[in-house]
C-alpha cells in the first residue's frame, strides 16, 4: 500500500513537471518547492543530522509514527538543493519503512533532473537518499 | 586589436566551443579547472596512436625509435618553453600533484627532520599543502602558512617575517592562484628564500597557460605544472628541477627505465631524467603536450597574456556593477581567473542556474579550503576562468545569466 | 576456425598494421612492450577530447557531470572485467609501475619492519622488484626471490619452502611473465601465501591483454595492470585492492580529490577510491581504457586466448626448427610471448636485422635482468610477442627474416 | 688539415654506401666492415674501456701518436655495432685531437644510418662518439 503511495506521489510530480520543457522553468519551480519543505527542527540541525561530503549542506531527520510510517524533515543551505530534498521528502515521507527502503525512485529521471542524483554531484542528494533508505531499513529491521 | 581578434582566429581550433548545453550555446568559463584542447593536440595524439605507437627507450625497431624521438622531443620543447638550462632537468609526471609529491617525498624525506618547517601560503592549492603535511608529519616537521591580504595579494611582510622566524628548509608557493588569480612575485620570493637558506618550489599550474615562464630568471629549485590546464592532454605534467638538486635526490618510484642495473644483490639507478621516470610514461600525452606548447607559442604567450588582461578588466568592471556581487581577489597582477560571491546566496545555487543557461563555471572551494576559511567564505566562490579563446561577449552572457540566477534566488 | 578468422575480422581496426617500415610491410611483434590500439579506443578518446572534456568531480556543470560519469563508468567496467567485489576497489594509477609503488609505499611502510621479508620470483619485471627493494631498504626488510626452473616454470617446491623458511609479510608474483610467457598458478600461490599469513600482490600486466581475470577467484589482496598493453591508452593503469586492505592503508600521494577537508590544523582524507587518487586523473585515458575493455569483451577473452594459443604453438614449432635457435621459456601454460636466442649471436644484431626487414621485435633483458642473469643470457633474448591481431603468416615472415639475419651474421 | 681528412673520409664512406639503396644491403656491408675494425688489445677490454649503458658492449681505447694525432682501437660484442664503431674509427682515427673534438659528423645521416647515433638507441654508438670527442678534447687540452 505504501509502495503504491510512493508511486502515485511520483506520478504527481512527473505530471507537475511536464508543464516545463525549459530547464530554467524547472529550476524556478524547484525553488518554489523548496519553500514548502517540512522543515527540520532547528535544534536538530547538528553534525549528527548533517549529510557529509557535499558542497551544499543537507540536514535530515527521520521519525517513526506509531503506525510504522516514517516522517522525514529536512533542510539545506542551498535553495535548489532544498527543492530537490523537498521532492524526496514529499515522495517518501509518511510511507512504511520497508517501502522506503525498497522504493523504486524513477521520477527524477523522468523529469530530467536525474543528474542531481549522481553520486558525483556535489549537492549531496545521492547521499541523502541513501541515508533515507538506511534510516528506513534500520527501522524496518527493528520492527521485524 | 590583436586582443579582440584572437578568439576569432583560434576558436575554430576548438570544436567543443560550438556545442550546446541544455539547448543553450556553451559558454565555457571553467578553464582553470581544465582547458579545452585545440585540434592540433587532439589530432596529433590521434595520429600518433593510429600510425606511430610503440613503447619507447631501449627498443631497436623503427617505431620504438620514432616514438622515443618524438617523446624526447617533447621534453626538449618543455625545456625550451620554460628556459630550463638542460632538457634532462624536465621530469615527466602525471600532473602537478604528482610532481609536488615527488619533491615532497624524494627531497623531503632526505632534507626534513624533526623541528624543521616548510613555508607555504594561505592561497595554495591542496596539491601544494597536503604533500608537505604528509612528509612533515612523517618527519616531525611542520607546515607554516604565509598570510594573504584582503585583496588577495600575498602578505610580503608576513612572508619575510616568517622566513626570519622559522628559517624554513623549503618555501613552496603558487605562481598564480587558481582561486584569486593573483600572480605572486616568485623571483623575489625565491631570491629571499635562497638568501635565507631555503630550497624553493613554484607551483606553475595556473601560470603555464597564461604567460611565458623563465625558470632561470625565477631562480626556483623546482617548478611544476600540469598539461591539461595548458591546452594539453590529461594524465601528464612535469617537474623542472635544478640539475644539481635532482642529481642529489634519491629516486621516488622504482621500476623499469629508472634503473641502470637490477639484481637481488643490489640495484643501481639511471641518470637524469630517467631516474625519476619509472615505468612506461604517458607517451601519447607527452607528444601531444609538445604540440600544445607549439600551439601556444605560435600565438605567442604575450598575445595570450594581453588578451586575458582585457578579459579580466572587462569581467571586473562588468561583474562588480551587478548589485550584491563581490569579487574575491582584486590583486593588480592577475591571470584570467575571477572569483565572486553574491550576497546571501549559495554559490552552488548560482552555479546550477548558470549551468541551466549553458554557462560552465566552477563553484565551491576550488581545492583551496584554507583560503576559503581565511576569507570566511562558507559556500566558497563562483569562479569564472578564461582562456585564449574566451570572448568579452561570453563574459557578458555569463553576467546576464548571473543576474537572472540572482533574481530567481531572491 | 574462429582462431584463424580473428585477425581477418579485427585487423581493420588497427590502421598502423597497414603501414610500412623501411619499405617493408610492418610485422608488429612487440605487443608485450605495448599493444596497438583499435580505432574504437583512438576515436573514443578523440571524441571525448573534442566534444566532452571537462575536469571531473565536484563540478556542477553539465560537461563536468558528463565527464565524471564517463570516467566513473570506466572504473565500473574495470571492476566488472576483473570481477572485483566493489567498484571503489579499483584505483586509477598511471600504470602498473605506479600501482606497485603505491602498494609498496602505502602498505609497505605500515607493514614492513626490520627483519621482515617480501617474497618475489626470479621472473619478475623490475617493476615488481625495485619498489620492494626501495621500501625494504628503508625498513630494514629484505626481498627474497623464488627460483625459476630451466623451462621457465616457477619452482613451486622452492616457493613453498621459502614461504615456510621466511614467513614473508608480502608475496608479490607476476601473473604472466613478460619474458617467458609463463602463466603462474596465482590462485594456488595466493592461497598458500594467505595460509602462511602473507599479503599478496599479483602483477597482471601481461595477463590483462591475453585472458579473462577474476580477482575473487584468484584471491589476491592486490592486483595491478597497465592499460597500454591491453589495447588501451598510455599513461593509465589500475590497482585493485581488497576493500578492507585499502581502507586500512594510509594515502600515498596528497593533493586535491583525495581529501575530505584541508586545514593547517589538520587534514582528513576522503573515502575509497578517491583517497588514493590525488590530483586530476587521466580522464581521457580512463574513458578510452573502458572502450578498450569493451573492445576485448566484444571479441571475448576466450576467443583471444584461444587464438594466441594457436600462435604460440605455431611459433614454438616453427622457430625451434631453425638451426641454432633455442626458445627460452617453454612452460605448458603460456601467453603469447616467445623469447629466443640464436647460438653465438647477439640479440641486438638479430633485432636490428629484423627491423631492417620490417619486423618489430624487442631484444635485451626486457626489464627482467635477474631472470637473464639466472639463465646466464648475457645479451638477453629476442622476444616476439603476440596480440589478437597477430597472424601465423606474420610469425612465418618473422621466422624467415630471422633465418636471413642469422645467415648474414655467420 | 685533419678536418679536411675527416671530411674526405666521410665523403668516401658516403660514396661507398651510395651503391646500396636496400636497407639490408647496407647492413650486409656494415657487417663486412666490422671485420676490418682496428681491434683493441684484448688486455684492454676491461671495465675502464667499456662504454656503459648499452645493450651491446663497446670497448674503446685512444692512443696519442708523437705528432699529436689520435689512434683509436675498438671492439663490440655485437656485429652491427662493430660495423658502426668501425666506421667511426675509420673517420676519426689518425686525425688531430682538436679536429676530432670539433668534427662535424654528418655521414651517418647521409647514408641513412643516422638513427643508430640517437642517444635513445641502445647500441651505445652515441656514447661512444661522445667518448671519442672527450678523449680527443682532453688530449688537445693537455697539449695546449
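A, B, C and D are the chain letters, set down in written order, and residue numbers restart from 1 in every chain.
FYI, a contact is a pair of C-beta atoms (placed from the backbone, for glycine too) under 8 Å apart; a residue touches a chain by one contact, two chains touch by 3 or more.
Since this is a predicted model, take the numbers as computed values, not measurements.
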Chain pair among B-D, C-D or A-C whose interface repeats that of A-B, sharing over half of the contact pairs by residue number: C-D
Interface with more contacting C-beta pairs, comparing A-B to A-C: A-B
Distance from chain D to chain C - Cα centre to Cα centre, in angstrom: 39
Separation of mean Cα positions, chain D and chain B [Å, integer]: 45
Residues of chain A whose C-beta touches two or more other chains: 55, 122-123
Residues of chain B engaged with two or more neighbouring chains: 22, 58-60, 62, 348, 352, 363-364
Residues of chain B touching chain A in the complex: 22-23, 345-349, 352-353, 356-357, 363-364, 379-380, 404, 408-409
Chain B partner contacts - residues on chain C that touch it in the complex: 15-16, 19, 21-22, 26, 28, 30, 33-34, 36-37, 39, 41-43, 45-46, 49-55, 58-64, 94-98, 100-101, 104, 125-127, 129-134, 143, 145, 226, 228, 233-236, 251-256, 258-259, 261-264, 267, 278-285, 348, 351-352, 354-355, 359-364, 367, 369-370, 373
Chain C partner contacts - residues on chain A that touch it in the complex: 52-53, 55, 115, 118, 120-123
Residue ranges of chain C touching chain A (in the complex, touch as defined): 56-60, 62, 65, 68-69, 72, 260, 270-271
Contacting residues of chain A [partner chain B, same complex]: 22-24, 26-28, 31, 55-56, 77-81, 122-123
